[in-house]
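Each of the next two complexes has chain A plus one other chain: chain B in the first, chain C in the second.
Let's turn to the complex of A and B:
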């Protein structure tokens, strides 16, 4: 047992919770709570773009947001993006995890390689795909042209109907490994015996998957959906780098729209309002999700 | 129901051979216990019978049908695992009905069977509970229920009681035995607990390092062990084994060690000067306060520990440098350090070859 260090103040060496809570609490207050409250405060002002003066009008921005069609378009894009990307990543992640869940030689290396996309910064991924989609030298575009699946007249990111898909592919490339990791961790932790019992009970591999693996993995799957869902809902970097919300507003998500208002129109109060609304939607949806699916973490 | 015949069965994991040319016949309706220390291959053998492990060479036959290449799900067996292997997300009812649901048995039959199994095992109040809401013993019963609704040809048990506490183990032991007497299904039961083996089995198969050391009825392997390993493995406390040399005194053969003169059975196949291992079970090591030996036999030691168990007293003593144990039903009060005299019962003395361990 070490003796109490006398040169430290008593409150710092005591078993009082305060010194231990202080660091993280102060971080949360400075970088979490303060910006949110400040945004809330900002959202109560009406900004005059001409005079650059702000006037206290609490409901102005909120009412404007409700009636702003561009916001509702952005909601639609965000939801489409989030649901499609989440679905693909979930299914793909689970499938790849099932394939990698083996003790056979070489698969350990594969499992490690699988994580590589995760170390690439999202903005770099965006740039990478931007180049690969380029209609004159991009490897993806050219492959699709030569297969006759795409016409050079309709560049992937430059066409309203395909631009969102183009961004989703980059997201899927980068984040499917994350799903694989979570699913693999879940699969590796499943007990073996129920599978043996099921095979003796007469279950085929497919029946075992549907009757045992899926139900036993449900909590893990719910957790993965929650984490990725929140991430996808506030998608910004890929859109910013690859399409800058274009063509037109075809790929404009909520956060991208908020970014545009903030950085291009410098209407800080309105941008804060949209960002806050996004936060509220994410909070409410994820809380409901946690409650309904009994997610534990 | 079916008999199980195993011939020349081998199992290798890479270069490691874990089972060596095993031959075993389990007659229809018998309760056979595979007994041995950890790593002896008994669970592997059971899993090969179940179809959960591949067979390197040799045959497994159910009745006269070779099942080597038959998938586990088509062997019509039922297995109870050490950790129960219940489906954690299914209720007790669904756990038991699972195999029938897969076979698309009609709902009425499933209900009947589940109710029948639940009534046998006393699980009726728990049918709608999840496994995690049950105690260890109840879970074990669910695992058994899942097995009996299948109406299998062969029951396989893989150390089903090792996760239970001592009292429950004794109770479940009786229940499993009762169940077998009722259903008369061929049963193969793996355990490392020799008490379980002795109390439950029609036949005990003792294994070591992938070989079968001896097979026979419980009393047979207890009374006539083939070798030193079986002698020491069966029985608790274990058989006393004393390294001795045969000597003749007044025309009578004795097993001697230092000042010990242990009596030998009348027709013992020994000769003067022969080195052997002298084995006698604790209950045949009759203790007394004074030398009660006949002739020149002398067996005395110093009491180390006295353990009263209730019905009997276990006395551990040091005799000519070797630890021995004796069991007495008389409540004699020995004190540590006291000299104690033994009178080994010559009708129950076992002699083993010192080199090979084989019974003489």
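Let's turn to the complex of A and C:
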């Protein structure tokens, strides 16, 4: 055995990381890193919509993006969407986790049922809610009509002021279980002693939640916020399926705007510029977040 | 009744209520899939249970059956395209081929890299981990436009292989990070003992450590499958004739109306594999969703 190995240079043996990492690395470079650089290169060209010719003008698209009102609207929609959805999911996730965190009979089944929304394809989730929102036979719309909370003249997704909320509800439905699961794992890992000490000292349940549970859970909450926050910032599926950015551009997020430019005007350089800007924001924010909150993977 | 048993009862009731709220959209969708057209599109009231169940929606979308005359006759201003447009069989086949292949590919090559990152000490391993993590955070839209051009030049556009590669790409960071956390659970003394007995690194990986984390590998594969099965954006951009189920379903919404019977039938059928799988990996779910950061 060992004599045969003499014929191979060391970096080709299994002692060296290269053969182990080669398949993953090559795939990620060719189809992950190269496209990002390609995107950057594309963003340096100005596309003439009439002649379909592209001209090298490095700052054109980037300047256009900064002064594009629609980009700033999309930023606002994206941030509103991400923050509202994240906040609701976090609070609901924590509350439901506290409720389900018990060894009593039957709660295991409830916890398992709670995970089911996670495996529904987001495009199908969009459809489910489209069906329930339908202004003539949708079960949610009709319930809201009979409660007097909604008028048939202002369909949920067809009205600028409610459309974003309609999409957020779908997101909250699908991803609150994610928060519940992570919070449950966090609650399970908590030590028991501090709670015993606190109850001897006469602390109420609410006090021990705010002074013990929350601080001890801060690491896991930070992790959940990071993962979910990034997924929310690059939201695409629900918006595309449910409203296609409409009505008007009321629900147009950054990624949806990039998609619209791609599909409708075929201005690839400009679509790439916006997509790249999203990427830069995501990477900078996430690395800062990881540094500040010391998240470990 | 004492106050603690009142509390317990309330907790049960409240928990069941909340879980019902989260199950309701799925149940409603499944219920819609067996309703006749007249019950789905009833404009006067919402039909809940009082209808004659029909499996025609499944026959058309999942089994490629013909659309019956009664349904076509009652066509209430809905899409008028032929039955063929609602045949989901080729989409189901495509989704299966793509999800299975990309799962195998992503798991296999991530296993190698994860073992090295867990066991071998080398310069740049930390940087490599960061790069992998940044791939997980990359918005797919940022690579999709150039990917369309690259795929066109390589002849991969609108092919199964193309989407398999794309899905492998998004599954690698996930699979690698989870698998590394499983490898990290195995004490390094196991490797040392095997190598003292004369095993090479690769034999040590393949014959000793890998069998010890079988459960973890299975959980990783299941998560990769679910991610590929539910993925929408990449499939939407990279294909035009091959359509995965999520993309196919969105084509049932036409400018003249939505075929809710067909949408809910194919949608419900598409959810079932995920349900079975997620119940199988409950124990490793949190680790999977947090990419190995939380071990339960």
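One rule holds in what follows: the second predicted complex is superposed on the first by the 283 of 297 C-alpha atoms of A that agree within 3 Å, B and C clash if a C-alpha of one lies under 4 Å from a C-alpha of the other, contacts with A are read in each partner's own complex, and residues count from 1 in each chain.
Here is the rule we use: contacts are C-beta pairs under 8 Å (C-beta built on N, C-alpha and C of every residue); 3 or more make two chains touch, one makes a residue touch a chain.
No experiment lies behind these values; they were computed from the predicted model shown.
After superposition on chain A, the partners chain B and chain C are seen to fit next to each other with no clash. In the superposed pair of complexes, A:203 makes contact with chain B only, with no contact to chain C.
Contacts of A:17 after superposition: chain C is touched, whereas chain B is not reached.
Put chain B and chain C next to each other and count what each touches on chain A; the higher total goes to C. After overlaying the two complexes on the shared chain, residue contacts for A:145 are found with neither chain B nor chain C. When both complexes are overlaid on chain A, the residue A:237 reaches chain C alone and has no touch with chain B. In the superposition on chain A, contact of A:268 is made with chain C only, not with chain B.
In the superposition on chain A, contact is made by A:296 with chain C only, not with chain B. After superposing the two complexes on their shared chain, the closest approach between C-alpha atoms of chain B and chain C is 12 Å. The intersection of chain A residues touching chain B with those touching chain C, taken from the two complexes, is empty.
Residue ranges of chain C in contact with chain A, taken from their complex: 8, 11-12, 14-16, 18-19, 22-23, 25-26, 28-29, 32, 40-43, 45-46, 109-110, 112-113, 115-117, 120, 122, 125, 128-129, 131-135, 137-147, 149-150, 165-166, 168-169, 172, 176-177, 198, 200-202, 205, 226, 229-233, 236-237, 245-247, 249-250, 253, 258, 260, 263-264, 267, 270-271, 274-275, 277-279, 282, 285-286, 289-294, 296. Across the interface of their complex, chain C is touched by residues 1, 13-17, 19-21, 23-25, 27-28, 31-32, 34-36, 38-39, 42, 96, 99-100, 102, 104, 106-107, 110, 112-125, 127-132, 136-139, 142, 173, 176-178, 181-182, 184-186, 188-189, 220, 223-224, 227, 230, 233-234, 236-237, 240-241, 255, 258-259, 262, 268, 271-272, 275-276, 278-279, 282-283, 286, 295-297 of chain A. Partner chain A is touched in their complex by these residues of chain B: 50-52, 71-75, 77-79, 81, 83-90, 98-99, 102-103, 146, 150.
Within the complex formed with chain B, the chain A residues making contact are 191, 193-194, 196-204, 207, 211-212, 215-216, 218.
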